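Just so it is clear, A, B, C and D label the chains in written order, and each chain counts residues from 1 on its own.
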Amino acid sequence: MVNMDQTTNPYMPYPVRIDQITIENEARDLKTFKVTFLDPEHEKAFKHIPGQFAELSMFGKGESPIGIASSPTEEGFLLFTVKKTGVVTGELHNLTEGRVIGVRGPLGKSYPIDRMKGKNVVIVGGGFAFTTLRALTKYMIDGGNRDDFGEITVIYGARSPGELLYKKELKEWEARDDLKTYITVDKGDENWKGREGFVPTVLEEVAPSSKDALLAVCGPPIMIKFTLPVIKKLGFSPSDTILSLEMRMKCGIGKCGRCNIGSKYVCKDGPVFTLEELDVLPNEY
Amino acid sequence: MNQVEETLRQEVAKLLEDGTIDVFVGHEAASLPLRTSPCFVRSPKEVDRLVWNRICTSNLATYLPQLFKRPVGLKAEWTPPKVGVVAKGCDSRSIVGLIKEKQIPRDRLFIIGVGCEGMIDRHSVGRALGVVGLADAKVDGNSVQVIGTDGEEKRIDIADVLAASCRECQHREAVLSNLTVGEAPSSAPEVSHYANVGEFETKSSQERWEHWVGELSRCIRCYACRQACPNCYCEECFAEETAPKWLGVTTDLSDVFVFHLGRAFHQAGRCVDCGACVAACPQGIDLRLLNQKINKDVEELFEAQASLSLEEAQALSSFRMEDDQSFMTEP
Amino acid sequence: MTKEINEKMSGNGWEPRIVAFLCNWCSYAGADLAGVSRIQYPPNVRVIRVPCSGRINPLFIVKALQAGADGVLVSGCHPGDCHYISGNLYARRKFALLKSLLEYVGIEPQRVHFSWVSAAEGARFAEILGKVIDSVRSVGPANRMIKRFKEVA
Amino acid sequence: MLEITLDKSKVQEFLRLLGQSRRLFAPVKDRMGTKFSEVADPSLVCLDGLNTNLSPKEVVFPQWETLYTFKEDQANEVKLAAQETLLFGARPCDARALELLDRVFTWEGIDDPYYLRRREKTCVVALACNTPGEACFCSSVGGSPVGEVGADALAFDLGEQLYLRALTERGEALLKEASTLIEKATEEDKQAVQQAVAEAEKQLQPIPIPEDLAALKESFDAEIWEDLGQKCLGCGTCTYVCPTCHCFDITDETKKGVGRRVRSWDSCAFSLFTLHGSGHNPRITQAARYRQRVLHKFLYCPENFGEAFCVGCGRCITNCPAGLDLRAVLERLASLAKVG
């Protein structure tokens, strides 16, 4: 019996083909995989919203939860930017275009798009945690969506120019006048003509208004630690400050008991949380 | 309260008071009959928690390495604590092993040796007396008196319910200590060493295989044997490694075999037959029959016993040019 | 897979599969020499080259048996000849215990072999391997401890 | 609902009859007391043990099972069929645990097909307890030695005979299958049962349970966890013997391009349970892991499912190699709450 239907079995992945692999950084440990569904029915069933993730499946190695980097406005494919860290992601990095892998999802809660509508949106990202923020930004600027949102500010930083994700796209964003894009690196190189400085510092300089605005932030723990005080200083309330968490996961559907923080399960109650929600959870993430 | 217990408490109070130690690791009463629990005493006021009796089964050496680990995330300067511990013969040998393997520092350790006449195996008590649940139990002198959950009272000699390791124990006093408490234990009984292994070896290959199939199909992979073992201090056990992945996370017999063979073999030349793994197993698997086989071979082939002194290298960390190689295949 | 097992079980056309862990400096060179010297040795062996017999984790051997090897051969430099001076002597102790332990749990002793073969001993390697194969053949296909996926056809 | 009696001498026949068309799981003697086992020969069934050493959760949630198989890039769903099963002689605590597990595996409308295929085919005949075991505390956590939750029928040991009361349609149908062996319960039988109920409930001493969730939340940073964590060995025994613990792992096994994806029990007590690929571990100390187990049961589950995930079977207490006693922990937490 071959039945790949996730609607009756939430553990079954959809088969997808890797159509394109983009090496994102010089260390070559960050790659973006563009995948397409083998079965158009599956594509129809897979309805995601920016902020959600999926379990990427490498048969024989296991599954790994990865944020979906593409926006639902980009039809016909999904993007996943994956850092090579363990067995599954390591194997994924070994694959070539044309290979088939599994995708299980979409899983988790998305960014609160409905709440963002009609408001200004500030995006603050660091390093390779920018993936679902890319999905969010792309969603807001694509097609007819742009008018649904107020002013959009994107602040994105990485350790070095080579570590910036989606370099080509960032250039396009910088060129747009309906989007304020601030790209920064901790330390530039001889070719870098852009901004230098840490994300929290840049955020403080740019100082986007918190009035009628929501702010979404993703980044390494150390960046989050220094950015949160700035966010607070700018006047963003905890309920308007949105974070996306990482946690070790297995099932992705709130059964296996691995990713809980207090009574919340990151896989189904997250990965997106408001700071207000996080403040009442135990400090165990 | 017995004499040893009283002296032990006094000595520990003194050591804590004069700053010789910061924490003392001993045994305290547990809520269920015939059980004790490890106990960490940090103030002289708490020494009355310490007990010494015939059910101090835990090998306390297991708890030592964690005390010498720098707390995670601590930025400030940190000096490892000075730790006191009460040690039976087996505990002391495990401590020696851990010192040799550089898991605990000798100079921050204060060992109080206590002679041991053997510890009671609580499962044996239930089995010997046919008691399903124990409502209460009392050890007096050389016998155990138990009251079942059905209210029936029964009594049995301690000698009949000793842990298997204790029956054959040849090292009833601490092999390394700063202080000893209580009288020297009576001399070890004349028992045939490795009798269980010797008998098992006479079985046919098929019989031996079937025995282990039966025994290991009980395993639930809870790792209690590993966690209770002082020698199992690896941060990441081979059983849980993912690269390479040595075995599956199932109770498929094949995986269980790989786990137990690996576990037992990692004890080769290091196991002191303390019985902690057997006592910890919730399924009552006779792991000792496996461990003791290696211990027997180590003794016969290399004339070595694990961790009797700080000086001597463990059997597998050394060799002799003339070691036996009769097992090798020749053309 | 099932077909393969059935064939093995019935003994029809069954050929033992041997995994050989050979040290780089002596035994691997010895096996190579056997080949170069055109000394015939049976093709039943899959060779895994390791830096030294001391490198061989006993779990390699257990794992090979779990994966379905009918027999395992481990070979290193003769005592005194180890490229790393004493790797083989530590290994000898491990192997003595492991062989005994495997036999004890019911793995047929005919399946697990250890030997010393130097780089100059091509003929000796071929002879030992022949002996190993005969020994494994005498106990038939491995059955104990092999991991099988029942649900995978 | 149907109330019947069954002469003890006919229990074997009763089980043989019912076992003809289904798998029969019942307690049998074991070196550790009793254990649930798939029984082909009903003469082996032993109903006078108290709690089995391991819980019967594996009847519906086995220690490991194959989710699906694969060949290279292609996944093949395994056929999700399950046989009709009779779980006979589970104590009321264990039956109630199944009802709690049901909530996890159907949580928020996401059904777990692997669990449900077995659960839906499992008929549970619970056996009420006349005497409590050494570590029993079911009545303190919302259960009862004669509780009915999770069971399709409940049996009482009346000495010479078993009294059985159907609790669900399925239970009633099951009992009717054995119509040749059973007798309708008399008023006397029912009185005897009532007496047994009163006796059983009387025997259990209540223990303090921390029920104030806000106060329990406050305990997160309490010293008690450090104290318990240093004793905890970090084995998975308490979680594996627990009838409500349900955490699992998913791993792949492969051999030459074919393989299977397997789910297997896992334990929050293991140090690697929450280890991230990056090396970060949110629960780095054993204290944090011990706390997770207790608070998951007594704080997070009440928040998520309205009830504590503990049925008071006492297995974690009798089996803990370090002699840790959950009852004592709960008592300390309850007193913390009072003080706080």
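Following the convention adopted for this analysis, a contact is a pair of C-beta atoms (placed from the backbone, for glycine too) under 8 Å apart; a residue touches a chain by one contact, two chains touch by 3 or more.
No experiment lies behind these values; they were computed from the predicted model shown.
Looking at C-D and B-D side by side, the one with more C-beta contacts is B-D.
If each chain is reduced to the centroid of its CA atoms, chain A and chain C end up 50 Å from each other. Centroids of chain B and chain D (each the mean of its C-alpha atoms) stand 31 Å apart. Averaging Cα coordinates per chain places chain B and chain C 35 Å apart.
With touch defined as above, residues shared between interfaces to two or more other chains in chain A number as follows: 86. Counting partner chains per residue, chain C has residues 147 touching two or more of them.
For chain D, residues that reach two or more other chains under the stated contact definition are 249, 251, 253, 259, 266.
The touch graph of the protein chains shown belongs to none of the named shapes. The full set of touching chain pairs reads A-B, A-D, B-C, B-D, C-D.
Residues 1-4, 8-13, 15, 57-64, 85-86, 89, 99-102, 221, 246-248, 250-251, 253-263, 268, 282, 284-285 of chain A are the ones touching chain D in the complex. Chain A meets chain B in the complex at residues 86-87, 90. Against chain D, in their complex, chain B makes its touches with residues 30-33, 35-40, 58, 62-63, 66, 72-73, 123, 126-127, 132-135, 149-150, 220-224, 226-228, 235-236, 240, 248-252, 279-280, 282-284. Against chain B, the residues of chain C that register as touching in their complex are 58-59, 62-63, 66, 73, 79-80, 86, 89-90, 92-109, 113-116, 124, 127-128, 131-132, 135, 144-148. Contact residues on chain C toward chain D in their complex (touch as defined above): 1, 67, 147, 149, 151-152.
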